[in-house]
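Okay, so chain A shows up in both of these, paired with chain B first and chain C after.
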Partner chain A sequence: MEKLKLMSLYADFRKDLSFIEKELEQSIDSSSPVIRQASLLLLRAGGKRIRPIFVILSSQFGEYSMENVAKVAVSLELIHMASLVHDDVIDDSDFRRGFETVKARWNNRIAMYAGDYIFSRALVSIGEIEMPAVHQLLAETMLEICKGEIIQIEYQQQTNQSFRDYLRRIKRKTALLLSSSCELGALVSNATPETVGKLKRFGYFAGMAFQIVDDILDITSTDEQLGKPAGSDLLNGHLTLPTLYIKDDPEFQPFLLRSFDGSLTEEERGLMLTYIRKSGAIEKAQQVSNMYLKKAIAEVESLPDGEAKRALLQIAAFLGKRKF
Partner chain B sequence: MEKLKLMSLYADFRKDLSFIEKELEQSIDSSSPVIRQASLLLLRAGGKRIRPIFVILSSQFGEYSMENVAKVAVSLELIHMASLVHDDVIDDSDFRRGFETVKARWNNRIAMYAGDYIFSRALVSIGEIEMPAVHQLLAETMLEICKGEIIQIEYQQQTNQSFRDYLRRIKRKTALLLSSSCELGALVSNATPETVGKLKRFGYFAGMAFQIVDDILDITSTDEQLGKPAGSDLLNGHLTLPTLYIKDDPEFQPFLLRSFDGSLTEEERGLMLTYIRKSGAIEKAQQVSNMYLKKAIAEVESLPDGEAKRALLQIAAFLGKRKF
Partner chain C sequence: MDRQTINRSIQNYIREVEQSIQEPIVYRDLGKMPLDTAKAFFLLLPMLNGEDWSSKLNTSAIAVGAVHAAFDVHDKVDIFDASSKEQQLMVLSGDHFSGIHYRLLSSLPDFLLITNMAEMIGRINETKTDLLMEKTDGISGIIESIIRVESGCIGEFHERYGFSKYSKIAKTALGLIWFVKKSMKDPSIERGWTSQIIKNADVDSAISILTSRLQEELAKAGFLTPFLKQEIHRMATPLLEKPI
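Here is the complex of A and B:
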């Protein structure tokens, strides 16, 4: 359904994507049964493969070499997967997109080391590319992402935070890796510095919009659609954009505090979600997301016409409207 | 005391080492108080800085450039530190060398992410070196180490394992990173392939001996010397070389099984340690360690004479006799 719609955006690049999918499967092949099973579980749970598609599309604006592009794409998707495994350790989540998580099936220790392993695999994949700038960019990106993960814990259950804190957090959590996906795809194809810059900013703005929509969906979707309880962000102690708008609202505050201290009942969770949905906060958050999408689109518009540009614009439009 | 003796081996390279120590401190400086404090705690807990010293000494057999050597040395020590933080999550250890661990002071989540962060810092440090072979070697090394960490869990509490299983495990746990420290130090200084090979093997053999001695000390030292209970390896479900020799001994078996299932009393722990110490297993393990040390020394003997060669030989001799 929704997923199929997204795939149709990828139609022109289906062959490239399935090549990368195969490389991904190969790269996590291991003689250790635990590693192999854990990685396959993750791979099958799928996801939208947005990082690989951003790498592929950005590479089209330079001298396209599928071999190098695949190495970068595989590496970035593996880093994303590794961070999901580590996130599962963090959030005590037993399901992700309806699939059992690595952590639930084995335990926190295995999940941590499986994440480390997948992460090392990513380095091996990108290690074959002999461009120092690529390694430096990847290392800097990962450093910022890791910083973000710790900062996210520092802010957990803190009600005293600003919009700026939130934006900085989602930049590190999501936008940076998407931005670097575009930048690396363009870099590795020797695109001009100007083009690299535009694609990098496209990825950043699209990533900010993507995460804001994610945070909205955590409130507006059903448990079934999410594969986890709606409102999980709050239950896990994270204030997101919609809830930041109403965090000082006296009618919302009791919900917020009970979410954070773990005493919210199932009935109260339903009431809380309805309250947020009707508060106007969702619409405000949607506007911020739309603003980022507009910025993303503006970066791409001046690039040369073609299939890649069309696909980037369609993805941007899609990210704003997605319902999953 | 013992530590001072080791430092005296480093005397000729003290300036280089203190330069690296400063770079290490700078590299973990962060605006996040949790990251900064966690990393500083680790840094202060110290350790023997064997990886940096191996990098420095190996670099002396090529065209020595302190700037590059320091980047490699800092990177390898950070990787070692990151793996210690992740090990603490695993072993539920609250103290390491008598210092509170990152995990105990904060929690498992923070420890995992602090490890990830320090690890990314390592990549940033080495990322500045524009030699593809360096990045490939580091990535492959880390992949093997991560594999080893998962395999170590797979073998946990398994009594049915061979000497080969043990040797493969300590190779990944310790010898590989020491081997790569030597190899990278030589590579980054453009030493000849023959010299690179000798140093790489020296690091590997010395690393095997080092870990075997570590595993012996876990049995022969006092709780105070170790900063954790003697026999911790067994209590954590790990069979090491000395205990492999007697694992099927009917008098030892009850100790082994009770260590693994967590029912060993403090009194029994004392009896068990005495039993192992008197069994002859320690001496057999010591012989294997000595065999590796001889191999390590043989690799270095054909290298050109000088301060670096002398220091490598002294370190090898020291590793065999160390009491901490």
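Here is the complex of A and C:
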């Protein structure tokens, strides 16, 4: 239902998105049967395609060229996919979006090679765009994302984290790629520097809100809705915004420590999730997400009216209330 | 050019790669990434032979070194359990090194090399997967696979900058060195993709095929200084314990 709602927001750009979807499939049409299966497994598991839609919508504010837009959109979605394959190795995850992960279906090594393959295809796609600024931006984005993940490993199972640490972490983890999706879409369409700046900031603020909601859903959703165990972030040693609010609560601390050392039972996991849900931490985190969404919307409001602006505003509103 | 100058050039290059890919947390927890001196030698072969070597070429060569570092560290990720901090950092450091290679090529910018190198990285990962899953057939398939994995990116670099004549020698020599080390059970070549598919008989045949191929290529390589030809001999003969 939620997915249908999101798709309806994309309605005016369905033709462009389905073209990109075909390009995505073609770009990973590997000669190696295992790599092909692994890549398709990931592609067909779906996803919100937020990055491609942000590229498409941002490019509408300049001289739109489907050819360039598709190359950027395919590249960004492939980079996102490649990072998911490697993240599943790091987190030892067997399921993602309800589907078996590449590492679970085969093994870590195949997941490493499949991720590296998908990443290489991302560069093949964008390599055809001969604009230095595009490549420099994407390269810096990729390195920052990676740096963010390395820092996340440093913070793993550490309770002495601040809100600033968390915000810096999600900026690199999620907001940067969404920000770059908007910026690159605008850049390849030769939008004005002012428009590029607004779209870049829109992507950043929307990305921050998106990740906070993601972290909330990890606690408020069921295992079935998530396609993985609820509370996975804590089980993997990551403190997120809702849990930062109650990390020093004496009743919550035993749950936290047992999550981090891997001794939490299934029953305790249920009790822990209920405790967080009733603590008021979810509402506080939602307020922070709403604050970022307001900032995102403010950036777009001054852009010229049209279908793209309307869609960006609707997607921003959806991101704040989504249930998946 | 003497051996000392060659070694100095290789060490300088390795130092430049190390500096480019350095990441403080990775360096603290995993240490320096060992870089293959034989690969460095063949990558730099045109420069060692006196070809013009601009700063653009040098940056591209460092980018190739970053790709090799990424391959090496990803090959070391445990096949079943990568949940320790060290293993997690191996996954991420490989991604980081890949990002460095892209940043270096973007800084030039060399769009053609970005695309060609990415195509080759993709093919190398397909090849490693097929070797691991034992989907590679016949001795010629195995030889070509090993050559691609060992020298594919060096080949792209040489082709891009008009050094095709060096590319053939580099590919054959690096392939030969791999098989010779395999025959000697050298642990340094046991990577993530090394599977049971490569039998002892295949190793012997591959050594024989690649030895004669390298002999022919060196005989025709009038462009190469006699000293470098000797060096290439030297890199294989101590391993083989007989002259090529």
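To be clear about the criterion, the second predicted complex is superposed on the first by the 324 of 324 C-alpha atoms of A that agree within 3 Å, B and C clash if a C-alpha of one lies under 4 Å from a C-alpha of the other, contacts with A are read in each partner's own complex, and residues count from 1 in each chain.
The rule we apply is simple: a contact is a pair of C-beta atoms (placed from the backbone, for glycine too) under 8 Å apart; a residue touches a chain by one contact, two chains touch by 3 or more.
Here the structure is a predicted model, which is why all the values come from computation and not from measurement.
Colleague: Just from the overlay, do chain B and chain C fit on chain A, or is there a clash?
Modeller: Chain B/chain C on chain A - steric clash.
Colleague: For A:67, using the defined touch cut-off, is the partner it touches chain B, chain C, both, or neither? Pick first, second, both or neither.
Modeller: So A:67 meets neither chain B nor chain C here.
Colleague: Return first, second, both or neither, reflecting whether A:248 touches chain B, chain C, both chains, or no partner chain.
Modeller: Neither: A:248 stays clear of chain B and chain C.
Colleague: A:110 contacts which: chain B (first), chain C (second), both, neither?
Modeller: both
Colleague: With both complexes overlaid on chain A, does A:127 touch chain B (first), chain C (second), both or neither?
Modeller: In the superposition, A:127 touches chain B and chain C alike.
Colleague: So chain A touches chain B in one structure and chain C in the other; where do those two contact lists coincide?
Modeller: Comparing the two interfaces on chain A, one with chain B and one with chain C, the shared residues are 30, 32-35, 86, 89-90, 108-110, 112-114, 116-117, 119-121, 123-124, 127-130, 132, 135-136, 138-140, 142-143, 146-147, 149-151, 153-154.
Colleague: Please name which positions on chain C make contact with chain A in the complex.
Modeller: Result: residues 23, 25-26, 70, 74-75, 77-83, 85, 88-89, 91-96, 98-100, 102-103, 105-107, 109, 111, 114-115, 117-119, 121-122, 125-130, 132-133, 135, 192-193 of chain C touch chain A.
Colleague: Mind pulling up the chain A residues that touch chain C in the complex?
Modeller: 30-35, 83, 86, 89-90, 92, 107-110, 112-114, 116-117, 119-124, 127-130, 132, 135-136, 138-140, 142-143, 146-147, 149-151, 153-154, 156
Colleague: Please give the residue numbers of chain B that touch chain A in the complex, ascending.
Modeller: Checking each residue of chain B against chain A gives 30, 32-35, 86, 89-90, 108-110, 112-114, 116-117, 119-121, 123-124, 126-130, 132, 135-136, 138-140, 142-143, 145-147, 149-151, 153-154.
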